[in-house]
Structure formats: C-alpha cells, structure tokens
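The same subunit A turns up in both complexes below, where it pairs with subunit B and then with subunit C.
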Partner chain A sequence: MVIEDTLFILWLMVAGPLWAAVGLYLLPNLNHNRSEKDQLPVTQLQIAGVIGGFALGPIGVGLFYFEPHLIRRTTIAAGIIVTVFVSSQVLVRVVEPNLPSVLWLVLAGPLWAALAAYFIPRQYRMVEADDQNVLTAAALGGFAIGPLIFGLMWKHTPKISRDWMIILGSLGAWQIYTVFAINNPDNLCVAAPFHVTYLTQQTANGVVIGAIYSLMAVGLTLIYSVQGIVSFAHGQLYMVGGYFSFYFLMFGANFLSDLTGTEVTINPLWGIPVAAVIVFVMGAAFERAFLKPMHDGLIERVSEYAILITFGFGFFIEYTTLAIAGPFPQRTGRFIEIRRFTLQRTQITDDFAFGPINIIGDRVFAMIIGIVLIFALLYFLQRTWTGRGLRATSQDKQAAAVAGINPTNMNTLSFALGSMLAAMSGAALIPIFAWVPWVGAEMVGRSYVIVVLGGLGSVPGALVGGIIVGIVEALGAGCHPDPSKGAAYKEAFALVIFALVLLLKPTGLFGREQH
Partner chain B sequence: MALFKRIESAIDGSIGRRRLGYALLGLVILFFLWFPNDTSQSNYVKTVFISGFFYAILSSSWALLAGIAGQFSFGHMAFMGIGAYVAGLFARDGITFAALGIALTPESISSVGAIVIGTIVAGAVGLVIGWLLLRLRSAYLALFTIAFSELFRIAMLTEYDYTGGSNGLSLRPLLQVADVDTARQIEYYLMFALLIVCLLLMYRVAHSPIGMFLRAMREDEDAASALGVNVVRYKILIFVFTSMIVGLAGAIFYSDIGSERIIPEQLEVLQMSLIIAYAVIGGMESLLGAAAGAFISRYLLEAMREVVITLPLGLTLPDGSDAFVWETGAWRFALFGLVMVFTLRYMRNGLLYPILDWFSGRDLIMQETVSIRKSDDDVAADMEDSG
Partner chain C sequence: MKNRSVTLTLILVVAILALMPFSVIRADGHCEFADEAIKIGGLVPLSAPGSVGGGVAMSWAFNRAVDDINADCGVQIGDQNYRLQIVIGDSEGSPERGQAVVERFILEDEVHAVSGVYHSAVGLATMGILDENGVPTVFSEPWNDNVSANGIMEYDGRPPRNADGVDHIFRISPASSMVGSVVVDWLLAEGVEDIVIIAENTDYGQPAAADELARFEAAGATVTQINVELGTEDFVPILSRIQARESAPDVVRILVTGETSFNLTQQMAELGIAPTEDTICVTNQFAFQSEQYWENVPDGNYCTFNRVGIIPSLFSDIAIGLNEAYFEEFEDIIPSFAMASYDALHIIADGMERAGTMSDGAAIVEAIESTDLDLSQGRYYFEYGNHNPDLPEGTPAFMWHQWPDPVVTMMQYFEPGQSSLDAAVIFPEVYQTHGTGYMAPGESP
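What follows is the complex of A and B.
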C-alpha cells in the first residue's frame, strides 16, 4: 500500500489543519450554554476539536459539537485509527486509479449527504415544521446536489412530498451512472451503440426474477402485518417447498411410470400446490405450538422470542433437509418447452439497432405464476370474509375480536399462509435454480431487503420492492467492471440498498408509520 | 423430588451450595488445566477442546450483548472476522504512508501488534455500527446486522486479490512450534487462558452498575432513559466492548500457531446461528451458562459424529455385528435445532443456567427473568382485590 504523495499531502495540508482549527475554535463554545457545574474542561474540548477536525474533518467537529458526550479519549483514539486506516484504503484502492470524477462522488457526495441528514432535520424541528421524510430527502439531496440542498431546505423548510424523493433520487442515480460511464467507457452498460439493448436486457431479466422474489416477500410481509414478527424461518420454508415439489415430482413420476408401464414425467407446475399444502400444514402446526403462547401472554419479550424461535425452526428444517436430501444440487424438469422468448433485432437508424432481447422461457412462466398468485392473494385479502378478517386483525386486534373475528385463528392463518407463499415460490423456482439445502439462506436475505424497501406489512410494497431488487441485482451484476466479481457481489447490491433504507427511511416506500 | 429436597437440605446444612459450587468450578478448571497432559488423549480431542473454548468466548459475549443488554445482533461473527482479517492483512502487507515517511513494513509489525490492531479496528467498526443501530429495535436491528455481516462476508469472498477468497487467509502465527504435540498444548493453554480472561472481563462488566443499566434498558428502554440511564452511551459501549472481545478472540484463535486459516465460510449466517444456539441452550442471560453451553454442545456435536450403540446380552444385528453404528451426518445438527426450539419454548433460561443458579443459592432466575413478572391484567386484578 503506497499512497500517492501529492494527493495525501494535499489532503493533509488543506483539509486536516483547516478543520482542526475550526474544531479548536468551535468546541470550547459548548460551555457557553451550560450551567456552572456542567462545564466541560476546556483543554479536553480543544484537544477533541483538533483531533476530531484533523482526523474526520467537518464530520468530527460536528459530531463532537452536537454530541459532546462522545468526547472521550477512547472514542478519539479509535476514531483516528479507523480514519487513517479507512482513508488510506479508500485513497489507494478507489481514488488513486481514477481520480477526478470519483473523488467528488465518493468523497463529497456521501459527505454532503451525511451533513444534510444530520443538520436539516434539526432545522426542521427547530422551526417546528413537519419533519416527515425530511431525513430521507436531505440525505438524497445532499448526495445528488451537494451543498445546494441546504439552500433549498434550510430557510423555507418546505413540506417534502414524494415528488421530491423521486426527483432527487433519480438525480443521484443519474450521477452515479455518469461517473460510472466516465470511468468505464468500455463497459457494456455504457458503450454505445449496444448499451440500450444491454440495459433493457438486464432490466427485463431483473423484472422477471423480481416478480418471483416478490411472491416470497409477500408471505413475509403478511406474517408481519398480522403478527408483528419477522419470520426468520422463511428462507428455509422456501427451500423446503422446492424439495417437496422435487420429491413429489420424482416419486409421482416413478409411481405413474410403474402403473402405466411407460415413461411419464409430471409438469413441475403440479409440484406447487403439493408444496403449498404441506408447508401450510407445517406452518400452522408450528404457529400453534410455538407462536401461540406468545400471543397468550405466556412469554415475555415477545419480539426477541419470535426472532429466536423462528430462527431455531429454520435451523431445524435446514439440517433435517440436509440429512435427508444430501448436499447435492437438484433440479426438476421444465415448465414449458420454449427455451427462450426473443424480441427480434430492429434497425432504428443506420447506426443504431435495438435488440435482440432474450428471456428464458421458464423464468417468464415463473414470473406469471408469481404475479397470478399475488393477485389471487390480493383478491383473497380484499374480497373474502376471511381475508378481510386478516386485514382487520392486522389493523386492530381488539376491535377485530369485537367484530367476531377470532384473532388466534387469524394469527395461525397468517403464519401458515405466509409460509405457504414462501413454499410456492420455492416450488416455482426449483425448475430454474439448482437446489441445495442452503439455498434458502441466500434467498431470504433478498426478501428481507424487499419487505423493508417496500415497507414491512405492505403487500403492494412487496411487489414493487421485489421488482426493484430484481432490477438492481441484474444491473449491478451485469454492469460491474469485473464480470466475475459482479456476479459474486450480486446480493451485496441489494444489501446496500437495505442498509440505506433501514437507516434513512425504516418505514420503507409504502410502510405505515410505526405507532 | 423428595430425595432431591433431602439432598438439597443436607448440602445446605453442611458445606452450603455456594461453597460446593466454587469447589466444583475449581475442579472443572483443574481438569481443564490437567487435560493436555493426559497422553492417552489424541490431538483431535484437544483440537475439539480448543475450538470449544473459542466458541465459548463467542457465545458468552453474545449472551452479554443479546441476553443481558437485549441487543439482538447477528453480526457477531462479522466482528470476529474483522479482528482476524485485519490482523492478518496488517501482518502480511503492512502499511505505508509515503508522505509522512512512515513505513510499517510487515517485518516491523509483530504478530501481537497485528492482533492489537485487529482488535481495535473491530472495536472501531463496532462503534460505527453501534451508533447507526441506535435508531433500530429488535427485528430491524437483527435484519440490519444480518445485512452487515453478509456484506462483509461477500466482500471478503470476492476481493480474493487481498483476502485469498474462499481459500482463506492465514494469519502470522504467534508462536512457531515445530513439534505438533507441544504446539497443540500451547494452543490449548492459550485459548483456555483467553477464555478465562474474557469471562472475567465480561463478568466484571455484567455485575457492575453498567450491567444493571443494561438490564434496565433491556426491560424497558424508555423507562430506563427516564430514570437517568444514558441509553445512547451504554448501548454503544456494550457494542464496542463485545466487538472488541470477539475481534480479539478471532485474531488470536486464527493466529496462535498458524494452524487454521480464516475463511469467509466462517462468517456465514449459519455459523452465527450456531453461536446463538449454544448461548440459548446454555442460558442466554448467564455468561458462564452460555460459555458452558457452547463448550458442551461443541463437544457433543463432535462426539455425535458417529453413534455406536453396543447391543447388550450378546444380541446381534441381522448382519452379525453386535453394535449398531449410525453415521449421524447432518442429523446431529437437526437434533440440535430441535433442542434449541424446545429450550426456548419451555426453558427460556437455558438448560444449564438453572443448575448454575441452584449453586448460587440466591434464586437469581427469580430476580432476573421477567417470566414471573405480572402482566398488566394481573396487576389490575390485584388492585381491584385490595381496593
């Protein structure tokens, strides 16, 4: 690791001492607003200002100024070490190879985002304006338009509508794309004249696979909206759904072949209802045995119990499946004989052509299954008595009980239905992916991303979230400069979104505000 | 039951439970100290013990974080990995600041120095993560930490130019020992000493006023805050503290004699679930319980690799052998999961904690757990009765 001399000196000469001076001047002011006995030692403040400013720049000064309790020697020491380590790593690995454009985005964008996210909501609360969504908008704006966001949001504290988010978000996305395009001119995603086709291809792949991700996430969100818990066994139920379908198809085909004396294969479509029924029963039994006591008030600290018990259930399912099915990848036959759907190449102008775009046939079929099932679920929730009962229970348990809905049964039904949806998406995907007992662990990460992005408890949110996650994964993997690493980072792209959503807008896109 | 009561009163009447408990604990420690000198034991058993100590540290620190402080983090293994990876990368690559004229070449960094740096970086990352987590509760916190540890694992797996990818990274050994038997012995004592030190440290924290604050926050964060507990400070503090403990444990375990490489597989959610299962089975609210749970479960899981049941009375199986042999494979983990689920449902304090608690003679469970705390309805009923 050798750091480019000029750059490092520049950083040290300009930024470090400057912010150290600011910190030195600013921090002792903290004592002005404090009573006699609350006074902090001035030397300590000065040292903290210098060190914080030097190591972390404006962030350090701001942090210590507004959170003075963080001024402790341990904090400072740890902060310095991590700063030196991280900044040297960033400088060497990221900035140095493609300096000018990345510098702004990597260093300035997040910096302004952090500053805006920290200061603007304070300003809103100070003038007692409605601060809903302000944090998200400030962070997005800081990232997209830098210091200008302060000009927009500081003085007049406008009410933040969804339009703000969409505009600022797309601006930020466009910037990332531009910087990416400048730095990787040869990448397939940006190199004309193919990039439109390539991007459309990737997006289409993402939408197709995203729809089936949604199906699984809808199950998770259903459980959450009624029971208020996150099922950590969801991935394993998805996995086991695939295996039930697989074994049903295998034994069923053998049985029929023996019976008729000819070679028979069963369409994997038939595996879906079978897996659904078995897992529905499994889910209901588990809920009755282990989650019901929770609602009966037999268990304290419910949310933690729910995390652990579903986690333990998933653990049990995973290893039981491993013991029975073994670690070998399995796959069933195809849904349909059509290998791929192709949109033909069309010449639009002389030097610009669009297409061809290929989508694998089975994936399209799985997408259709996913969408049909989601709409069936929506119909069930909106139009049937039981479905309305579920929704009523999710809104207000006691009022629902008064109206003659049995909340205990609704709890069981929601868990069983949610688990069933996971199993159905498993059975819909086993013809497409190679199936191993730990396939659930990877998939469930995605559905957490989807439900948090869409808003925990929202069914339309899960649908939209699933498609967004599908697109992000496909584009991220397809556009990463190093294709092999891109495929490996596929999950990571979604997880980054996840972390950002959790930090900036935990209610997600369509989530209800927490009461 | 009557017999148990009689034994109980006999013990209370003679030496007392606590003294008996201390004596047994002393015996256990003596056993562990003596164990490597038993030449009849193979190195394999010693290796199992060593990893048992390692997992005991991880589980008991998770018990401190989740059981006592109520912070359900699934990122514990990631912090372990940060400690180990950072120590390994520092010892291998060193770090150079050309502008300052500072060059820490790999030769100038001792393996102890690398371990210290690894621990500090784990603590610093714990600081940042802990600060970010302040806003999140229960399920969201668990989800965020899962995302964090998965991101870390994927990064370690993919950046194989630096980390060696799935082949893993070998850390610089603390000690170079040529003889295999001596090496195992040294490794054994090193991990055992580390376990004792970590347990003492954590015990000190858990039984200080800080421990009380943490329990108060776990029960009701808003109430604790209203009563003057600085929630922000102690949440971050406990996160940093446990992160440093596991970072240290990771760095030392993978350094010691250079016998194991840190691999990204070690950071999977599944490994994390093992840690949690150990702690749950031992007793999530007790450090010693979680540590013992981890050690015993680890040992049993290894011992159960092959179950041999010798048939009595000279009976033979149809194939003529007199013993029933079962290669358990994944079944032992399935059984383990089942034990975990039932422990959670019916013995929320774990299987070992009640035993430890009996020796304390103070019925800590009664004080500690909330399982006997009255629900609102009961309180209301009581008030009606009295009023």
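What follows is the complex of A and C.
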C-alpha cells in the first residue's frame, strides 16, 4: 500500500462523509433568510449538501451554499458521477487490499442499512408521515452513507421520491465498486485505463440482451396483471414461436424457390408476425378451453388449477415439438448481413483511449424489435379502447364490467397477447441462439425474475427489469475476479438483485401496492 | 397324358404358390428363436438437461444393431437362437436418474447386459451398481478416464471395481486423455503458447480440461481456463473478457458439448475472437455433424475440431452402410457415438455367443476380454483385462478394459457449408488428407 492511496482512502472514508455531514447541516440554513415562496425543499438542500460534500468536499458544500441556484437535479447527478469517477480513478492504483477500509465498507454498510431499515420507518409512523418507500430508502441510505441517513430522514421525515432511490442506489453501487476496486486492482472492470471501455462494453452487452429479455417478460406480466395467474407455459410458447418462424421461413423459401426456379431466402423478420398470429390463436383457444372455466367459478382451487393447467400446456407443447422437430439444434438465417457493429478505438488523451466496443449485429436488431414491440404494446394499452379495457379489467373486473367491458373477452385477449409476445420474442431470437425444444427453460426462469423485479403487472417495469437483469448478468460475468465463477454464477447475480428487491420493495420497482 | 401333365403342373404351381409364404419366412427370418429374449439395457439421455440429440442418435444405433443381429438369427447360445431386445432408459444426463434407470434395468427389466451412456457423470455413477450386480457392460460414449481406470486400482479416491476378481465394465469410446493428447500434440506442433480453454462444468469437461492444461503447462505454454455451465445461451460477457486481453490468445479450445458448443462457437466467431489470423478455433467433435454445424455456426469456417472414429475416407463397408442409413433418418453424417453404440451391441452379442451363456456375467466378461471383431469403427479388442492383468510401467490405468485403438484426428473446415466428409484431416500427419497441418482463415489446401 502506498501512502498516497492510504490517504486517499482515508479521505474517501472520513473526509467524504465528514464534508457530507457539514453540507447536510449547513445547506438547510439557506432557507432561513428567504421568503416562504423562495424557499427550496429541505430534502433537496440536504441531498445537495451530502452529494456536494462527498464529491468535492468543502468546494462542493461552498459552491452550493453560496450559489444556491446551482442546486438542481443535473448538478446533483454530476456530483454523483464526479464522486464515482474520481474515487475509481484513484482506487485502481491501490496495490494491496486495505483491510480496515474493506471491513468498514462491508460491515458498516449492512449494519447501518439494518439499523436504518429498522428505526426510520418507525419514526415515520410515529410522526404519521407518508412512509411509502421509506424502508427501501432507509436501507439503501444506511448502506450508502452510513449514519448520515438518520440526519437526512429522522427529523424532517421527507417524502421519498424516485430521485432519492436513484441517488442512494448510485451511492450504494459506488460503495460496492469501491470495495471491489480495493480488492481487485487488476480486474478488467477496475484497472485503468481500459476499464472504462470494458465497463461500457459489458454494459452495452447487458442492455442489448436485457431489452430482448424484456419482451418475453412483458407477456408474462400482462397475463398476470389481467388474470392474476402466472403462466408456466410461457417458456414453451417462447420456444414454439421460434419454431413457427423457422418452419415458415423454411417452407416459405422452398415454396418460393420452386415457384421462381431460383434459390430464395426469407428474412427472419417475416417469421415474427407469422409466429405471433399462430401463437395468438393458440393462446386464445387454450384460454377459452381451460382457463375460462376457472373465471366462471367452475373450479374450486383456482390457484392450484392455474399452475397445473399451464404446466400441462407447457409440457404438451414441449414434447409435441420434440416429436415433430426432433432434438437437434436449429437456427434461421440472419436479420442483417452485418456480423457485428464496432465502435473503433479512439485515442482521447495520451494515456487514455476509448474502444473498441463490439456488439453482434443481429442482437442489435433483435433489441430494436423488442423495444419497438414494447412501446407498441404500451401505446395499445394507453391509447386504444381495448387496451384501456385490459387495464380496467386488471384493476377491477366488476367495475370494468359495469363500464361495458366484457371481462371474459379481456381475459382471453390478455392470455393470447401475452403468449403472442413470448412467441415474438422466440421468433426474434432464433437467428441468435441454437434452438432446441427445451430452449425456453432458462429464459422463462429469468422472466420470472424480471417481472417481479420490475413489479408484477407493470409493462415499463418489465422493460426496466429486463435491462437491469441484463446489465447485472453481464457485469457479474464480466467482472467477477474468477472468470469461471463469473460464468457459472451469471444467473445468480440477477437472483441477488431479485432477493434484495423482494426484501426491500416487495412490490417490485414499478409495482403497485395491493390494497 | 396331356391332361395328367397339365394337372400335375397345376398341382405343382399351386403347391409352390402355397409354400411361397413359408419359403419367404424361411429366407427372411430364416431361423427359429427361443421364447426367451436377451435383453440389453440401453442407457441414453432422451430429455434435457441431457444431450438429447446424442441420446436419440444412440437409440437409433441400438435399434439398428438389434435389427441387424436378429436378421442374422440373433444370438446363438448352445443350439438355441435368442432374439436380442433393447430396453431403452432415459438418463436425462443426470447421475441420480441414471442410477435409478440402471436399478430398474436390473430389478424390473432383468436385463442381461447394458450399453450406452453418453455423459461421463452418468457412467461414473452407474458403473458401481452395474459391476456389483454382475451385469456385463460396454459403455459407448463416456470419456472420463476413471470409467476404465477404476477397473483395477484405486483411482481418484474410488476403490477398484474388480476387488472380487471380475470387473464387468468395458469402454469402447476413448478416454479423455487419449483425445487430449492428440489435440495438445497438434497445437504444440503448431507452435501455440497462449491458450484459452473454455470447458463445461461436468464430469467430461473438467477432467478433460485438467488433462489438457497439464499437458500444455508441461510444455511451457500459458493456459487460461474458463468454466461454463451446460445450457448457457449467451456467452458474450464471458467472451468479452477474452477480447479485452492485451494480446489475442493463440488458440481458444472449446470443451463444451451439444447446442451449448454451437452457441459458444458462433458467438466467438461473430465477435471476431476466433478463428482469426492470430487465434485458432478448436471446437469439439459435434462439428463433425456438418448439417447441424453449419446451420448453427454459420460463421464457423476454418474452425478445427477433434474427431473420434475412423476418417470418412477409410470407412469400412459396415460404416458406409451405417452412415447411409443414418443419413436417411437424420440427414446428417453419423457421429462416432452412434457408431460405437452399434458396435457395442455386437461386442456383447459376440461375447455371449462365445461364452455360451446370457446370464453368467463372469463368463461373458471373460469372453468379451478376448474380443476380436471388425465392426464399423475398426477392429475391436481389449488389451488389458484379467486375461492380461499386468499393465506395463507407464501405461495409464484407464487402459484396463479399454479399447485401445479409437482413432482420434483433428479436422478442419475450409469452405462454408462444407460436408465433414470433405473437410481436411490435418492431424496426425499420417492421416492428413490435404497435405497441411492447419489453414489460417483465407487459405486453402
């Protein structure tokens, strides 16, 4: 350990929080000499004080204190970025792990998180303040800024907005990154100057695959929000969507080749609507035949029935496909004839270059398809009568029926649409992965994580959840000090996030409270 | 007189016509079978997470072997001909499930012998049960060294199977070390020094990777090993690690099977990691099934792969016939494990015939030890067994009850969409078909 690094860590551990505490104390005083209408929200001032102190020490606190017009969301965000960037740049020069600081980060973070999560919500209830999201914010804050969270939340009991979550979550992530950087100075995700490129590469990998995951998860969440059941056939509907696309492309190309006398290939893009239509009809027929009796009150144990019948449907699809398509992997041609997109290496300074970043061409295309389809679904749900009908049914079936919406039809539509989205996801991925009848198993497990993470029933939640899972998996697999463990635990990283969300915010990131 | 001859002719014709069906039976099924059949348990993976494609190919080969043997009067024991019957059991690639199936084979189906096994983990988990119950077994695909190494000595913490003097387990697939030595010898001959091994986390992948790693390191090469889970679809985050290295490795060696290997090889090629000018791509034997390979790895031109079994240009008549039948069924080249499964049943049937019993395990083992048969993969014999128990110094323990001659070659595609029958055999030199030990991307033989 070189002395500069020790001092820097000390600065981070002591001076950072010290100046943050000074900022936390000083900045709310800005309101003292102002008229009531000019006063800034106390919470905003406190956050500015903490971030300013953490990022730039006395300079940050002074800047915000003497120039309060600078206290904006953008400057606070910039403060977070500066904090993370500066500390990571210096920490990568640490040559030996600093045990005390690591212990502080590892033990003190969870300790303060537990204390804050226990006491602060009680304080909110005691003063009858709005305690929505307080548990999550207190735990995140305890982990990220230790005892300072009591200063922020105890006396003023501020209403917890999404900004709080983002800021505290970012600080918590920074803490973890700091511990990691101290312990693994040579890791690709830490070691300068390449780590910026590498982190960007892995984040891009995660975003691309995460957006693709989202499309499948959206279908699952749609079915849950309207029908209140989890479809255990979702993985198989995803799989069979891929196969419908495959056979359509194969037979279609053969037919056109015979017709024209020249060899014709069909772009896999055309397989997506075909798979969508077929699986939509399959889903609607299944819902009418097997799920409608459940909603009609003909089934006693509804939950168990829904699980068993969708499980059975999934098995039926999988083994029928195995019998027809066989066990050997298959794949369609490419969406685009560009093997990969490459952002070439750019020399920024003498010591620092950015790039290259490589993303597989078909994945980018599939990501775009996924995002377009999710936004189309959002438009459908928000702007069309039928979509509103679905939403109304998901909120209150009886009230929807009073308003002239047929809940039976909405149930059928939701299952058919959800199944269709799974199939479209499969048809979008068969040019990317080797396709076998059991290909849905891994993907569907991830979808359950995504929908719970995003909030059961929330379409935007599924999109954000998918991207978070994608990024976490990519960074976990790419940054773990042991490459083998990183690869083997890839799915486990997302499960850790999943467990934390269940613990801190059981409704998920965008889920609504059940009353 | 004339009428009489006409009448006789008519009687003759009618008699011939009446006897024709019987004569057809005699010609086609020209032997009488005993009521009892000889049952062989075929343990193969037919459900995920096992390698279902491998299991289906092995099942097909078993049925084909049974048909051929029965068409040739089955198994003759004493003066009776016994029909051969295959009982297929699904191991699902799981050791626990494999054990349950083997117990069912023994207790319910009362099989007389067992063959098959694709996954090494299943082989290792079931061999003890089979041996304890005295069931002669010829494994046709597991590669883990210990499958045969445990026959005579304590190996890797496991007690020897033949403590009572008889070991019932034989293997005709190669041991991992036999394959590894060929791959490593070839790569070292090509002058590689910096190797990345990507191995599956199984009883096949890990020992195979350990064996190759030891050989590379003994030769002074640097090896980075990355383990992956079978069934993983997205390898990009892991491959980005390789891409982020300061210098590209000389070779990426893939010790992963099934569709997982296809995904890995294709993503590696798409990202431009291998095959390239700097980096050799060595994928696994699945690449030999060229129809599947090109469909799933369209960017995999110039990848090399290890191949078990005789090279296509040296196929015997049996192998050619088997390959044609396989192609008719699956529209692909026959894999080695299907050929080995076909051969395994012939070895068992031959052993029973020579032993003159279908139920005396020890006698059948003794007969199989002295096998000398030409089948689809070549001439089968077992050099070391109770008939020749003393392994000379330096002979690895896995040579016990191990067919010593599985041909292992390195092959390489050099044209997109090329049939594996036309791919170049590049190593060992004696088998080279295109006069070259390796072609860098863009080169041709």
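Quick notes on this one:
As a working rule, the second predicted complex is superposed on the first by the 347 of 515 C-alpha atoms of A that agree within 3 Å, B and C clash if a C-alpha of one lies under 4 Å from a C-alpha of the other, contacts with A are read in each partner's own complex, and residues count from 1 in each chain.
Going forward, contacts are C-beta pairs under 8 Å (C-beta built on N, C-alpha and C of every residue); 3 or more make two chains touch, one makes a residue touch a chain.
Remember, it's a predicted structure, so these values are computed and weren't measured experimentally.
In the overlay built on the shared chain, the residue A:Leu308 is in contact with subunit B alone; subunit C does not reach it.
Of the two partner chains placed by superposition, subunit B and subunit C are both touched by A:Leu322. After overlaying the two complexes on the shared chain, residue contacts for A:Gln201 are found with subunit C alone; subunit B is out of touch. When the two complexes are overlaid on their common chain A, residue A:Ile209 makes contact with subunit C while staying clear of subunit B. In the superposed model, A:Arg340 makes contact with subunit C only, not with subunit B.
Judged by the number of subunit A residues each one touches, B leads among subunit B and subunit C.
In the superposition on chain A, A:Ile229 makes contact with subunit B only, while subunit C stays out of contact range. In the superposition on chain A, A:Ala441 makes contact with both subunit B and subunit C. Legend: residue contacts after superposition of the two complexes on their common chain; A:Ala488 is shown touching both subunit B and subunit C. Residues common to the contacts of subunit A with subunit B and with subunit C across the two structures: 322, 438, 441, 488.
Contact residues of subunit A toward subunit B in the complex are 1-5, 8-9, 12, 69, 75, 78-79, 81-82, 85, 88, 229-230, 232, 289-290, 293, 297, 299-301, 303-309, 311-313, 315-320, 322-323, 438, 441, 445, 448-449, 452, 485, 488-489, 491-492, 495-496, 498-499, 502-503, 506.
Against subunit C, in their complex, subunit A makes its touches with residues 188, 194, 197-198, 201-202, 205-206, 209, 322, 326-331, 333-334, 339-340, 358, 360-361, 363, 433-434, 436, 438-439, 441-443, 473-478, 483-484, 486-488, 490. Residue ranges on subunit C touching subunit A, taken from their complex, read 47-49, 52-53, 55-56, 201, 224-229, 231-238, 240-241, 243-244, 258-259, 262-263, 266-267, 270-272, 292, 295-296, 298-299, 330, 332.
Remark: subunit B residues 66, 70, 72, 93-99, 117, 120-121, 123-125, 127-128, 132, 135-140, 142-144, 146-148, 150-151, 154-155, 157-158, 218, 230, 232-233, 240, 268-270, 273, 276-277, 280, 329-331, 333-334, 336-338, 340-341, 344-345, 348, 369-371, 373, 375, 377 touch subunit A in the complex.
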